[in-house]
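What follows is a set of structures for review.
Here come two complexes built around chain A, the first alongside chain B, the second alongside chain C.
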Partner chain A sequence: MVCKGRGPAPRDRGNPLEQLLQHGANALILGGTYALLGIGLTLIFGIMRVVNFTHGELYAFGAYMMYLWVMRLHVNFFVALLLAVALGVALGALIEYVLLRRLRSSDIDTTMLVMIGAWIAMQNTEQLIWSGVAQSISAPFPSQPLQIGHVYIGWDRLFVFVTALALIGLAYYLINRTKLGKAMRATFQDRETAMLMGIDVHLVNTATFAMGSGLAAAAGALLGPVFVVQPSMGDLASLKAFAIVILGGLGNITGATVGGFILAFMEELGAGYISSGFRDGMGFLVIILILIFRPTGLFAQKERIG
Partner chain B sequence: MRRLATAAWLLVLVSAPLWLRSPYFLHVLIITGIFTIAAMSLNLLLGYTGQLSLGHVAFFGIGAYTSALMSLGFDIDLTDTFKLVVEPKPVALSFAVAIAASALFGWLIGRLSFKVRGAYFVIVSLSFAEVVRLVALNWVSLTQGPMALNNIPPVSVWLPGIGEYRFLGKVPNYYLMLAVAVVSYVVIARLVRSRAGRAMIALRENEALATSVGVDVTRYLVLATIVSAAMAGAAGALYAHYVRIVDPDIFLFIYTVTMVIMVVTGGKGTLAGPIVGGIIFGIVPQVLRDMAGPEVQWIIYGILMIVIVYFLPKGIVPALRDGLQRRRHVRDAGIDPLASAPPAEAAQRR
Partner chain C sequence: MLFRLSSIVLAMTATAVLAGPALAQETIKIGVTEPLTGAFAASGNYVTQGARIAEDEINKAGGVLGKKIQLIVEDNKSNPTEAVATAEKLINSDKVPVMMGAWSSTLTLAVMPKLEEYKIPMLVETSSSDKITTSGNPYIFRISPTSGMEARAFTPLVKKLGIKKADFLATNNDFGLGASKAFSEMAKNAGVKIGVVETMDPNATDFSAQLAKIKASGGDTLFVTTAVEQITLILKQANDLQLKTRIITTGGSNAPDQLIEQAGAAANGSMHLVFFTPWFPDAVKNPEIAKKFVSIWNDKKYNVGGLTEGFRGWDGIYTIVAGIKAAGSADPAAITKALWNVKVKGINGDIAFIKQGPAGKESAQNVPSVYLVKIEGGKVVRD
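Showing the complex of A and B:
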């Protein structure tokens, strides 16, 4: 997500409308993965009341798993993608089981400190294993971009977009249509009552964290081949995910989905029309504006923490 | 007894340059001291109001950059025709401006993020630090970007009878650091024992209750943020004029983590906690440095943070105090040691 990318820059700088359309297309594609990141984080916060600082590290983990399977072990690209997501889910479940389960009755600050510790340890483990050098992953897509009018879209980006949409759909299905999803929503509404109704809250927690982590890992695995992979990539991913989640309202899944796209549009337009150096500062701008004008998020329900 | 212990501590600290012969150790001690001051300022927020600032390094860095720029002089092109030119200013004045600038940003961040409680302040402060780092990196005409600001003059003061005195070298800087640290300590100690400090602790313990008895919670939170940011800015300015070079890496998140871990290990919400934690985490990495690379060190930091939260949740200082108190109780009359004061009160009494 550090956008030193080899992305299809607008080639035709002449026509402002075409330029705008190109930025819009880029933003739409980026927005899908941002939404994945945001949904994962907001799910974990909403249900578990955990500010998950390892979220960006799961994103980096997904990208590095792609690098490992595709570039080092020469596994098929699409199989590698599945493996990366599955390993992200497993790592998330492990983190929940080892670190968070025994802190369930602790306050939000305590879990925050634990998650910060885990974040530092994970990021530096990546640095230790993979070194700080940025790596790239080759993807099996034609290098000639798809051209619609004067708008160019790389095939790799199109694949990212479609897969991200599919995963968003899957997440909605899991949350809204399955029994586990029902248990998750019940826990979100009222933990005590959910427990009284016989819902295994431990299981819900583990499932939530695993699912959120899986979505973050999927975002990383999808964007890793588009940009470059490096150990510090998780930091920006975390910050952006936080911005998206604040934008949509903490714990609000629809908000996070829309928020992901809004942030992507702001970044793309900001980088295109103001200065590319401050692309990554847009998230902060979003947070500031939201806190000034609508502190509970764009899609606030009654939920308000504190 | 307590007075005696304080005096002994001060004596050890004041005499350190006399018995610490190695300039390297003195350097480690100065850097440790500067970060301890930053940790003390963080403790005011994290320990006494219960708000975790994950962007504390931003205030530290703003202090460093402001003081460096003021003492070096700078110009900003506001428009094509108008140019803001600041001639180099005396370092003492730069230092004061740096503190004011950090305080101003503390006020802004506090005003913004305390509209809503909970995780917001953490996230806002965290992304604020990242944005400040981006600005320092990208505004090359002002900050030199990654090329860093060089040749920052040392702190100098005008003393009657002596004239201008420049804090050059390790020993003068050590005493300068010690002076700032003592002032910071006294400010925090007085603040937390004042009416405002009691209000902060009250809202940390139970915000709803504090509000119900008429404590203007947001006002005190913002006040704590301002004081904390100003103090971190002072530490940053101290750092800039001692190391005499500042680059955008000063805003790295890892320094905030260092401050947090100092406070949490030593004991948040105690006056001595950040000092104990600061000394441990200022000196231990230097010892570790020969044995392990930076990554391994940070991994150890991360794991240590988790372990401390699990096994020593209150930190070293409260744990030691509880231990002492329990012994005394048992010796005196067999009073139930668990019936002693809750930690907040104990912290305050101290």
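Showing the complex of A and C:
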């Protein structure tokens, strides 16, 4: 018996430099999606100060919506992506309107408990509807990867990376350059003053939560076709998102972006050169170190007091 | 009138209450703990479906010892703490005399002290860590192969496949680490060079770092040990990295049909150790039983990819029932004693137990059949 498809090809092994470049390319691609997850959560956790345990479920929701539209209803892949993100925004707005609006004057513990409940309820609903069997989504990209020298990158991952960068840019623009962004920043700096200035703080809250949720759903919809979709997929995403937000400094968009890339590089290089068993540990090791030396995170501004 | 009506209701209730335990005594309970939710949900549900098919068949044929059997299935949520809780519930509140479970090695190892504490036998249908039968627990009856057995069965294939240098990638738990150890020792003894031995978190989805390292190691064969969800991703990501190494998965929880469906062309060329070959039922030792099982599974419209897990549940329940029959009663001690001598015609092959582990406290271990299949052109072929 001779294996035709996967026979050894010693010439293609690559030297240490090529291996490093491959690790670098992997980390860059991974970092894009980590940044997307981190920005979404930093809006909600960092700016709104809501400990949002449903963030990972929004990620899973985006992936399942992608599965629904592409695999069950046979909608065009790119149209499905837009639909999944739009539905994520809508679900985020709904959660804010139904659950968080009436908790606005409650303490952080009550809000946290409600969000934990929402997280469990959402994950079990996914299980009920889609069963525990992992599902895959087919993407319209060539199965042969892009080759640059001896470095290979899957087309699907490249697409994820480029789209993630575009979404990060869009989020920046929305928050720093638009009137809505200005209203957001004003509201979370000083709610009373913002109200006096005629800002509809309810609307701003809903919009912020919806936007953060939409970014999580976008990450899920982008990564669903790269990985497989299963009900517990949101747990790991949530954990990473919280780590990135803490790493970058609460509420700091640049921090979340850079934090996402740092986490990805640490995981990839740690797994590649130290020990793959501690891959997830590597990222958290860096977080511990950074928090020891910079307790407010890498990019925390001086606390803005209105 | 009102008084009379209420007394009738009362009488009826009393009858129902009295009849309740009487009816319950008509069945013999078998406790089942499987991961129905969480990371291993797919496999746990398949095993349960196979067990339910066996329950139906046995009860239609008159049950055992003149009574029907009743499976009490509990969800251990892919979590060792929950697995212990389900065992406590099955033993203390349902009073089952015998159990089947708990799918993954980590879950089974968690339940094992409870078996010793309450002296209840458990049939292990899937777990493969050597530790389960070598740690000296006399209530363990395992029908699935140990990683060591799988590795030994693989030994002649090293030459046949021309393996010169092997790398390993395993999930970071009792199942994966045990298999990596058994297979790397086997390979070393067969004169194969050992490249890198990599691990991954059981929940991880991105293996690009490990695969890049494996690619740089330059072995001709990569042994992968984990469940089907991670195998799917490994095949896809190995293709993305253009890793040309031959990939062989161990452990039998690789569901080749699901790999073909979900990994597509990336699954081509990969090889898989399985313990049941539904694609060619004639290859197994008891083809009639295997064919019947496949046809019932398909009639129920269960997922075809689940057959390679589902058979474990069927074999497990039939073995337990053979034990109950030989014991002549539903007493845990009698069943424990009787299981040692059962001979069952199973889907995997003939089931019988040998002794493993420290003298005086041996566990029971079956010697099952192991098959190597290959995926070629989107189909499972015999190797």
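Just so we're on the same page, the second predicted complex is superposed on the first by the 283 of 306 C-alpha atoms of A that agree within 3 Å, B and C clash if a C-alpha of one lies under 4 Å from a C-alpha of the other, contacts with A are read in each partner's own complex, and residues count from 1 in each chain.
Rule of thumb we're sticking to: a residue touches a chain if its C-beta (ideal position, glycine included) is under 8 Å from a C-beta of that chain, and two chains touch if they have at least 3 such contacts.
Please read all numbers here as calculations on a predicted model, not as lab measurements.
Colleague: Using the superposition on chain A described above, determine whether A:E268 touches chain B (first), chain C (second), both, or neither.
Modeller: second
Colleague: For A:I116, select first, second, both or neither according to whether it touches chain B, chain C, the two together, or no partner.
Modeller: In the superposition, A:I116 touches chain B alone.
Colleague: Given the touch rule stated above, what does A:S136 touch, chain B (first), chain C (second), both, or neither?
Modeller: The second partner, chain C, only.
Colleague: May I ask you to decide whether A:F45 touches chain B, chain C, both, or neither, giving the answer as first, second, both or neither?
Modeller: A:F45 contacts chain B only, not chain C.
Colleague: After lining up the shared chain so the two structures overlap, which partner does A:R157 touch, if you call chain B first and chain C second: first, second, both or neither?
Modeller: It touches chain C, and chain B stays clear.
Colleague: For A:G198, select first, second, both or neither according to whether it touches chain B, chain C, the two together, or no partner.
Modeller: neither
Colleague: Return first, second, both or neither, reflecting whether A:Q147 touches chain B, chain C, both chains, or no partner chain.
Modeller: In the superposition, A:Q147 contacts chain C only.
Colleague: After the superposition on A, what does A:Q127 contact: first (chain B), second (chain C), both or neither?
Modeller: both
Colleague: Given the touch rule stated above, what does A:D280 touch, chain B (first), chain C (second), both, or neither?
Modeller: So A:D280 meets both chain B and chain C here.
Colleague: Is there a shared patch on chain A that both chain B and chain C touch, and which residues make it up?
Modeller: Of chain A, residues 127, 235-236, 275, 277, 280 contact chain B in one complex and chain C in the other.
Colleague: Considering only the defined contacts, which chain A positions touch chain C in the complex?
Modeller: Contact set of chain A toward chain C: 1-10, 12-14, 16, 19, 22-23, 26, 30, 127, 131-136, 138, 143, 145, 147, 152-154, 157, 227-228, 230-233, 235-236, 267-272, 275-277, 279-280.
Colleague: State the interface residues of chain A toward chain B in the complex, per the touch definition above.
Modeller: Result: residues 45, 51, 99, 102, 108-110, 112-114, 116-125, 127-128, 235-236, 239, 242-243, 246, 250, 275, 277-278, 280-281, 283-284, 287-288, 291-292, 295-296, 304-306 of chain A touch chain B.
Colleague: Would you tell me which residues of chain C are touching chain A in their complex?
Modeller: Against chain A, chain C makes touches at 36-39, 41-42, 44-45, 160-162, 172, 198-201, 203-206, 208-210, 212-213, 215-216, 218-220, 228-229, 232-233, 237, 239-242, 244-247, 261-266, 268-270, 303, 376, 383.
Colleague: How about chain B: which of its residues touch chain A in the complex?
Modeller: Interface residues on chain B, with respect to chain A: 50, 52, 54, 112-113, 115-120, 122-124, 126-128, 130-131, 134-135, 137-138, 207, 253-254, 257, 260, 264, 293-296, 298-299, 301-306, 309-310, 313.
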